[in-house]
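So, here's a batch of structures to check.
Below are two complexes that have subunit A in common, paired first with subunit B and then with subunit C.
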Partner chain A sequence: MKGVLVIGGALLRAVGLVAAIAIVVFLLLRTVPGDVVDVMAAQGDLNAAQQAALRAELGLDGGLLHQFGHWAAALSSGQLGQSLRFGRPVAEMVATALPVTLGFAAMAFALGLVLAMALAIGAVLLPRSMLPGLVEAINLWSIAMPTFVAGMGAILVFSLWLGWLPVIGNLPVPVVILGLDIAGQLAKPLLEELREAMAAPHVRTARAKGLHPVRIALAHVLPAALPVLLALSSVTLAGLIGGTMTMEALFGLPGLGSLVLNAVHGRDLPVVQAVVLVLAVGVVAINAGADALRRLADPRLTS
Partner chain B sequence: MDGAASAAAAGAPVPAKPVRRRLPPRLAAALLLVGLALLPGLVGLLPGMPDPMEQDLLALNMPPDAAHPLGTDHLGRDVLARLAAGTWLTLPTGIGGTLLAAGLGAGIGMLALTLGGVVAGAAYAAFDLLRVLPGTLLALLTAVVLGNGVWPVTLALGLAYAPLFAEVVRTAHAREMASDYVAAARVFGLGRLAVLWRHVLPNLLGPLITLSAIVLPRCIVTESVLSFLGLGVSPERPSWGRMIADASGFVEDAPHAVLAPMLALSALTLGLSLLGEMARRRADPLRREGRP
Partner chain C sequence: MNRPLSRRATLGGALGLPFGLAAARAADVPRSGVLKYATLGLDTSDPHRHTGAIGVQQAYVEGLTSIAANGAVEPFLAEAIDISADGRTYTLRLREGVRFHNDDPMTAADVVANLERVKTKIRGGWLTSAMRQAEGFEATDARTVVIRLREPYAPLPSLLSEMWILSPKSPGWDDTITLPIGTGPFTFGEWQPKVRFRAPAFAGYWQAERPYLAAVEFDLRDEADHALALRAGDLHVASVTRDKLRPLLRDPSLSVRPIKDTTWYFTSFNNRSPRAPFDDIRVRQAIAYAIDKRAVMNFVAGQDAIVTNQMVIPGHVYFDQATHDADAHARPDLDRARALLREAGVNPAARRLEVISWQSAYPQVIIQMIKRLGFEVNHVALDDVGAQRRLGQYDWDLALFESGPRADIFLRYVRLMSDGPNPVLWGGIQDPELDALINRAVAEPDEARRKAGYLAAFRRVMEKYYFVVLGHEQSLIVNRAEVEGWEPGFTWSCHWASGGLAGTRLRARA
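Showing the complex of A and B:
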């Protein structure tokens, strides 16, 4: 029952945020001078009557509220409008690009998460080794080294000087770069949390019982750090969108990032609007999911 | 610690007179990195520098030589001059974005908390909304709505990082308002605004300055990412991110044209991040004690 309440609350908040973002995006893009019909009229020749007819058909002839209603109604039936430049349905373009982005982001995040957990657990178990230093270093790397600079460096080193692989369209290199970036963001706070958890009384008891340190770390310390890890992950995942966009642009991956950047440069507003909305919904969904999980994992948060 | 170690290594007894305080190595390294990164910008202020926009189509992708200390790019433009011009675009935009974020986040946060009630709720709901929209998406929207330019980018940076400042203000505000001395001041009849001005604000300043030090390198990184993606200040004006994007098509012929802005950018952000991290540790002694 409590679980249902928790998930319901998170869901409600998420729906509210998505609606707010949809409204903000809609209003912002309405402030751009010129609409779809103006652009089409500039490209082909539409007379005034045809323009008016087209506006009526697209729901652009009414006031803001009317337009928003039209747009929201189309949106709820899965229609994202037509691309101005390609004349294709935007939904179709998004559907083609989405799997690329999702797959890429999922791989990078999985790599980052595994790496961060391995490093942090290792550093807590072996405080005298070089692992804590490594956690510091990778954290600094992720703050100071923009992923596109690292990507550019990788292109220079691998494809030009070593002549190893064709870089455009290559997947492992951007995944590793973004994964390292994510690991750097996660490892240090996780390590701090683990250190704190190591000082808890139940850990001392476990040690006194003679449990193996690895077992203590995995069974007694890591669960205590789980809520923090979830919170961090949701923040990182939201930030992942920027990283994914740059990696897609740099390595020529045909994902949402490439789609929206091309749309911005071609002023293809329906595509911009749709992709921003899709990405924002994704971020909200991730946040809501992580929040609900965190509340379920940490009973202190619900009380 | 460093001084003691070197004295012991030299076999000398510990000198009786006070040891001259040396720069901590981390601080020295950070300052050196920032200095190196800003060096081209300073050199660019010297008279007699070539125009960063001037093209020399007979000297495309030239490696570094006497006339062009860092070589030329794919349009025969002087890389050093462009790097210098980029410094004076990237740095002010980053600083401007940080200041705007601090002003928006702390200013609106403080105002909303002072007014309390519905206003505070609404303001922090807006900050939540901003936090959900990733910085790149915000910049995308400002680039589409306002076009390319210094102000849209600064605005995007300010909006993207304002929630962090607002959060710090909320935490500090809650902590100070709950403290005994604020309660005492209220008992003595000090008004709400006076309490804020005299007691809460001075205690906020430290955390805000620390956060600014942490946000500045991130703003610079974000600005260069935006320029790299073509969402930055202007496709024509040289910024570091734009230089990397432009030269990336010619890495085989002119790796120096890519490397120069890459090195400058990494040195600047690394140096500033180190400084920011040191500021955070100084401001947060509890955390420092907890460290090995």
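Showing the complex of A and C:
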């Protein structure tokens, strides 16, 4: 019963958080000057009467409460509405862009996680090798090198000088750039955590028993560092939203980042709201999932 | 460049176009290559609802006329247009053998349905105002359409180049068309707004053996760097700005060509609610005298800059050499500017000039020139929407902007009218006398008299100093060497009767 209450409470908190984000974003977007009719008018062929008529047709002439009521009612029936700029269902636009972002983010995160774990575990096992230095270097890289700068460099080298890869729709390069960035963020704290765990009494016991160092690292040290790794991963995953956006723009990947960027420029508010809602659900789900995994990995958190 | 039709004129057969029909329309014509193309975007799947400049939809929908590369109106889906002596009745003879992408033949009834749709259901766009002047449309037989106007309306043949003919069976016809069924050389394929649009070839296209390409893929991303993509070979044809041009000129696999009509640059005053002292023509003159047009335009377009005081360039049918030669502001004259300010009793140091522009570099050059008169300047550089909003508030003094190519001179003049579309860039002119002059020119069927009418309207603009033209530049399009048979046209259009994508081929890359 207690478990059900805990899960129910967590779910309610998550729903409340998503709803609050959605409302705040709705209100913030209404403070942005201009609307989609201004965007069309700026292209040159709407007179004042036509602009007014178009605003009425699109429901942009109503008050804030009216617009919010209209949007909330549609949302409660599962409708994300129509794009004001392109006249297409927002759900369809999001559904087209979402797999690109998810696939890109998943690949970059997987690469980053594997690389971080490999480097950190290797550095713990071989403290006198170059691996600890490599962890420091990759950490510095992730702090000092903005991903878009690395992206521009990669385009110059691989697309223009060597001619190996296209600029538009190039997935491997941004995955590697973002993967390196993630690895840099994870490897250093993971290494510190592993070093601390190596000094734990149970690890000393395992060593005394003559277990193989790799087995000690994987079976006795890594589990101790898992809660920290999960917490860091959830923060990194949530931060990927911004990271994918710049890479999508640079390499012409048609994901959520490009979608929301264009929607903001075009004042296509239903699209912006839908994407923010999807991202909010994603971030809340990631945090909730990571929290649950941490509790599973570390029973002390639930006791 | 524009050569609108004269009285009783007939459009048709003027061009040696490859209009042999269905004989070679078979699907067995070999088509190859996917052309990657990037100029303008695509904002709607409903061609009748387009706003602004268009550079994509011509691939799958065609107009009754089109604008040739020299700016002349040429026959397209209408192979001939007969204009009555009073300029009020247009009789259109439709081309035979034209089929929609669903294989239905195009009939006069279809064309009338399109005209009615634009007249009754569409709110924005140049054609809506034109169509509202129509008393009626009639399909007198399967290939003849008659348009009857209340008043003569000379721009109609040019504007019919944007009268997109769609099958009334297009899904969404009664509201917003979601899948346009046109007659173009390519069909409406997969569209991802602001990302890409793929247009596969139409095997039943009415021009013999065309198109040669298997498909065209349009890159619609605003934030894309076309120059990099061209160099990497990801794009075959793309627009580029001059600041990205230098490395492209060094690349032997790329060639740069201008589109034929121009973007014109101007300095507008707030004409809707001008604040003192900028309601004084002498002060406006002083500002104009302070600006070195040649220097500004050199900054914008280098050696390609065209400096003049008119909305069109030398060679255009509506260009007037005498007016150009008499340009009082061809060279800056600071002494004259200061004398005018003194005469008007204006102390520039005591007046802050509110200036609006887009976020470009060249307005800074103009600001520095104006500052030499002693004005304190508050320059606000905004994005498209921000500028649109701010300009509409009419709480500024000076606006520094530019405007792109148009299919007809009327589309430049209409913005200067009291109820014209998007008048904010020109300070929201409210001048019934100017309106009357433009209306008189528009209603004049005779070309020479129409030119004189437009010139009279422009002289009033100059006398009143509503705005001052600085000059022109031509936008640039870059082709990769493997592209054959494609040259930029008069506007951003990607397909017209005598050129464009239908006749484009793609060679294998060396």
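General observations
The rule we apply is simple: the second predicted complex is superposed on the first by the 253 of 303 C-alpha atoms of A that agree within 3 Å, B and C clash if a C-alpha of one lies under 4 Å from a C-alpha of the other, contacts with A are read in each partner's own complex, and residues count from 1 in each chain.
Keep in mind that, in the parts below, a contact is a pair of C-beta atoms (placed from the backbone, for glycine too) under 8 Å apart; a residue touches a chain by one contact, two chains touch by 3 or more.
Keep in mind the model is a prediction, meaning the values are calculated, not measured.
Judged by the touch definition given at the top, the superposed model places A:107 against neither subunit B nor subunit C.
In the superposition on chain A, contact is made by A:279 with subunit B only, not with subunit C. Look at A:171: by the touch rule set out above, it reaches neither subunit B nor subunit C.
Within the superposed three-chain model, A:226 lies out of touch with both subunit B and subunit C [touch as defined at top].
Of the two partner chains placed by the overlay, neither subunit B nor subunit C lies in contact with A:74. By the touch criterion defined above, A:249 reaches both subunit B and subunit C.
Within the superposed three-chain model, A:144 lies in touch with subunit B and out of touch with subunit C [touch as defined at top]. Judged by the touch definition given at the top, the superposed model places A:261 against both subunit B and subunit C.
Judged by the touch definition given at the top, the superposed model places A:54 against subunit C, while subunit B stays out of reach. On subunit A, the surface touched by subunit B in one complex and the surface touched by subunit C in the other have residues 155, 160, 249, 261, 265, 267 in common.
For subunit A in complex with subunit C, the residues that touch the partner chain are 33-34, 38-50, 53-54, 57, 83, 85-88, 93, 96, 155, 159-160, 163, 166-169, 249, 252, 254, 258-259, 261-262, 265-267.
Subunit B contributes residues 128-129, 132-137, 140-141, 143-145, 217-218, 221-222, 224-225, 228-231, 241, 244, 248, 251-252, 255, 258-259, 262, 265-266, 269-270, 272-274, 277, 290, 292 to its touches with subunit A in the complex. Chain contact summary for the complex, subunit A toward subunit B: residues 17, 20-21, 24-25, 28-29, 31-32, 127, 132, 140, 143-149, 152-153, 155-156, 160, 195, 238-239, 241-242, 245-246, 249-250, 260-261, 264-265, 267, 269, 272, 276, 279-280, 283-284, 287.
The part of subunit C that touches subunit A in the complex is made up of residues 43-46, 49, 51-53, 123-126, 128, 176, 178, 192-196, 219, 221-225, 228-229, 231-235, 383-389, 403, 415, 419-423.
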